[in-house]
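Think of it as A, B, C and D in the order they're written, each chain with its own count starting at 1.
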Amino acid sequence: MDYFYSYATLAAIYVVLGLSTNLLVGIVGIFSVSQAAIFGVGAYVTGYCLVNEVVGFVPAMLLSALACLLVNVVVTLPALRVSGDYFVVTSFGIQLLATAVFTNWTGATGGASGLPGVPPASLLGTELVEAWQNLALALGLMALCCLLFHLLLRSPYGRLLRAVREDELAVAASGKGVLRAKVGAAALAGVFGGVGGSLYAVFLSFVDPSSFDLNGSVLLLTMVVVGGARTLLGSVIGPFLLLALPQVLTMVEIPTTAAAAARQGLYGALLIAFMVFRPQGLAGEKL
Amino acid sequence: MLLLQLLVNGLVTGCALAVVSFSFSLVYSTTRVFHVVHAGLYTLAGYGAWSLERAGIPAWWGLVVLPLVCAGLGALVQLWLYAPLEQRRATHLVMLIASLGLLAVVQNAIAAVYTPNILQFTDPWRARTVALGGVVLTAVQVATVVLSLVVFGLTLLLTRRTLLGKRIRAVASNPFLAEITRLRPGRTYVAVMALASALVAVPGVLVGMDLGLQPYGGTTVLLTGTVAVIAGGIGSLGGAFLLSVIITVLQNLSLLVMPGQWSVGITFLVFVLFMLLRPRGLFARAG
Amino acid sequence: MTAYLEVQGVNKRFGGLQALQDCSFTVGQGRITCLVGPNGAGKTTIFNAITGALRPDSGHVAFRGAALSGLSTQAIVRAGIARSFQNLRLYAELTVLDNVASAIPGQFGEEPLGALFRPFRTAAGQRRTRAAAMDTLAHVGLADRAGTHVRNLSYGEQKLLCIARVLATGAKLLLLDEPTSGLSGAALEAVLGLLRRLRDEGRTQLIVEHNTRVVMAVADEVLFLHQGHLMAQGTPAAITTDPALAEIYFGGVL
Amino acid sequence: MRDHEADTTGLAPIFSRRLLGGLLLAASASRAARAADPIRLGAVLPLTGPSAATGTQQQRGLQFAMTRFNAAGGLAGRPIEILFEDNQAKPDQSVLAFNKLADLNKVPVIFSGYSGPTLAMAPLASRRKILLVNGAAQADRLATASLYLINTLPVIKDEVAVLARYLVETGKKRAAILFQNDAAGTTGRDDFIEAYTKLGGAVLGQEQSSFSQTDFRPALLKLNSLQPEALFVMLSDGLSALAEQAQQMKQDYLVCGTSFFADPLAMRHPGAVGWIHTQLRVKAPPEIAEAFQKQTGTEMEFFGSQYFNAGSIIFRTVGRLLDAHKEVTGESVRAELFAIRDFNELIPTSFKTNTASMQVDVVRIEDGMDVFVKSYTSE
């Protein structure tokens, strides 16, 4: 059963991260390709705190959330000045910079070798060692984040964010603060990213830069788009589906030594098919 | 001395990158698709030339054959993937994900056929060296500079002086208007994709000959190229060319003052700051 | 008596173009003032200057005796001035109701903390906001379209919605940028009717308008702008029959 | 060879198969296992993505060992089957793959490569008592990551210490470093600096190459300018490109490295003549290398031989268990491995701790061949 549990735990973590990406990219329309960097900051902060026994798990997660909040606000600020394609590459630059920091700031991140031996999460004095306990923790936090996301979407703030995506000038002309709205969304997306990263660190017990590179950001975007941007359901379906796909594909018998490459190719082909047949995503709003 | 050597080396690498970027720019400014499959065609061209060498045909024939092959493939990508998606009114993000899917297919197909090992060309003329004032260059490096400048010149002539060039500019500036004036943007898109794919085959073959081939190697090159495209100002071929050279020269020269593991990160930090100062790039087309 | 809105000696230069040149005029309370002039006369620029979207090089604007210079767009909306846009700028992916609701001031839960941690209070506020937005929609005659997406509205309905969104801010002075352009027949009549009703309720309107018949039909006062400068001010009849102004207005065309 | 189970093609069948499998397992526990049942072992390797070149070589080494054992009648009459999982060198995919092999296939032993993924799987190996066999990653932390982690080649520290000693002995006391910026590369770099400076050598400078990148020119240009007597190279891939680019620059320092210098293509490159490197003593008769090339279509290089060795060690151990009619579990394989202790497969290997020790030679490359220079023993 550990296999299924570890799959579900990982998927639940990616749902939290997907919500973060969906909020920024789908709802507010800030096309960030550096969300994996935020996720990484969350994982490293928790990893560092626990490995060096700075604080316990719960405060470490809170610290991760706070750190990601601040970092995400800072890296989203260029969006206030640079827009569209220009922001995408700016964000891309930020992602590469983050990867360089994760890889080379050996004192804090362990460098390219990563941080091994992150102790498991502990709640109320109990260490969550078993796979089902990890799953319960991840699902619990996922549910909490989903609830927050839902409340947000239906609140006036959610409406304001969607309006910002549609037309910033009109929002400003209605007497609403565009800057504050965006900063708030970036902060919230940062908190989600921090919680997800923190869970990832304790679940894998190992943090290294390979999970937080540009491919990681692209994976998050893909999850959101395949699931369906701008909706809660989409952010849940996307990660569960895209993490299951490679697993299902390993069940497909391919009788050559190039099997793994063939499966990755098949994964690419499925992505194309999803986009051609359902461009709005499986649970997305009809565009 | 070291400065001169690094400078020249950066210029050579920059010329190859420049062809990747301005050909990408051609596609991006016309069709607005973030065409990452471009990286796949770049890699494919190198492998094609390697196969020719294996078959006993001198590898430089690849410079004649592969642009034609890639032109055909590029046109097919437009006809079979981007055009249908556009008809379904897919967003840019959806197009990007579909393009990423196709890139995965191409790269993994290459890995399945050629193995993921690094392949080297064997033709001895490549490694023949020329010494120019203390800087030693190989024959391929010299060819890279010359051919990159030649194809750049030809492309400029083509876009400025021919009917196709006029169409490209008309469609790029306003596809809707082009549609109602019966310029048939669809056909222009196919032509642009064919042209750009033919162009990208040139550095694909040359860099493969110089540094060796690997299936997943094109992605980094393309991403650096897109940064040049956008920092140079979307739609400006000269800007893309110049910025490509500037980026690689900066990366090379940065070694004078800092260890290499930071050079990528610092280069992109400079780039992010630059974007904040000049949010529309260096040579953005007016309007 | 101080003017309701006073624009005094405003200058604005964009590179080599003098968009506003010593532009001065006043708008009287409770009246419909139409701003006319050839293309490029600076009509939209003066809207931007009044609403704080643009900082004039010199000169000042005062509303009900208080200077607006240096205030943010937000503060100016709060003071009671809101504008519409010539190119509508509606939120295409939102419903008609949400377009209006988004402009209503002082909602609870319009920032993340309140929205997430006081969900019940937010929901109650949301109900009040919806009711207020419905009232506004009813006022402009779009109540039955509340749940529709903007892209499914007719052009005339979109024009009405623009005015509704301006009204929802609670503004006392409405700056409407070509509220009737592109309309004819019943749709035009609906907008004209609404403009008159708003005047009767005591709202002051400054309207950019091209259509002389519309100006004749609704304006109490007409301002003629040319090259960023006020050329003439007067009753509709006086302005529209002035041959010199007609020469400027149509000069390039006829 | 079968790449994976044939009879499962969707998610739903997993569960029914799992249930069924569990029932069958319980039912057959009393009976003796049928003779023809294959012995299933797992492997989690980077088979796609930028690290695939290494991963597929490792896969070939294991497959080659498997074919040879099976051709010789298998283990106590039972054929060996290895289930390969692709982790793209990512820790999270490795954890999924590990759990999958452990739950669905009940494998007692899992082969792995790469330091990051291996470190991510190590706690699971301890918890589930599955033997994790690392045949290539050399990061020092692997030595202590888990009781259930066996490293079939010495950690990099041992090799690098030998190299540093040789350099100082031969009077080369000014070195520069070119390293690959990943776990193995940075560990090797740090170990080299420590060993070399302790012996009185001076490290003049270091430059990186990002992984799977083959443009070494900027780094070489900078390191050349420091005028070192030796260039320590810590790369696992792209060596032939390095040979070519180094040749172009015509420098007169000594290029040296570890047993990663085993890419036949690079070794034959004229630019690599005179390079020296440490080498784990391989007693490969030429017919093995030939058979390898015949089966896999590629030459046997470092990873191929290491995984051939690792596979053979484990197969030998499991075979001994089966011959003695003992149950094959992670625990029993581990115990048996330490009971045997000294293996004499492709590379003579002995286990005093979790990490193998081997004889380390210093060799010089001449005309595509390694020429013996001096021998040391790793600790």
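In this text, a contact is a pair of C-beta atoms (placed from the backbone, for glycine too) under 8 Å apart; a residue touches a chain by one contact, two chains touch by 3 or more.
Worth saying up front: this structure is predicted, and the values here are computed from it rather than measured.
Minus chain A, work out the clusters of chains still connected through touching contacts.
B, D | C, once chain A is excluded.
Could you see whether B-D or A-D has the larger number of C-beta contact pairs?
A-D
Need the CA-centroid distance for the pair chain B / chain D, whole Å please.
36
Measure off the straight-line distance from the CA centroid of chain A to the CA centroid of chain B, and report it in whole Å.
Once rounded, the distance between the two centres reads 30 Å.
Calculate how many whole Å lie between the centre of chain B and the centre of chain C, each centre taken as the average of the chain's C-alpha atoms.
49
Residue numbers in chain D touching 2 or more other chains?
48-49, 52, 55-56, 181
Which positions in chain C are in touch with at least two other chains?
none
Can you list every residue of chain B that touches 2 or more other chains, as numbers and ranges?
Residues 108, 111, 115-116, 261, 264 of chain B each touch two or more of the other chains.
For this entry, which pairs of chains touch?
Chains touch in the following pairs: A-B, A-C, A-D, B-D.
Where on chain A does chain C make contact in their complex?
The touching residues are 148, 151-152, 154-160, 162-163, 165-167, 169-177, 180-181, 184-185, 187-188, 285, 287.
Enumerate the contact residues on chain B facing chain D in the complex.
1-2, 5-6, 9-10, 13, 108, 111, 115-118, 120, 127, 129, 136, 138, 211-212, 214-217, 220, 251-252, 255-256, 259-261, 264
So in the complex, which bits of chain A are touching chain B?
Touching chain B from chain A are residues 25, 31, 78, 81-83, 85-86, 88-90, 92-94, 96-97, 99-101, 103-104, 214, 218, 221-222, 225-226, 229, 256, 258, 261-262, 264-265, 267-272, 275-276, 279, 287.
Quick one: which bits of chain A touch chain D in the complex? Just the residue numbers, please.
These residues of chain A touch chain D: 1-7, 10, 103-104, 106, 111-114, 116-117, 129, 131, 200, 203-206, 208, 210-211, 243-244, 246-248, 250-257, 259-261, 263-264.
Touching residues of chain D toward chain B in the complex: what are they?
Against chain B, the touching part of chain D is residues 48-50, 52-53, 55-57, 181, 206-210, 212-215, 217-219, 221-222, 224-225, 237-238, 240-241, 244, 247-250, 265, 298.
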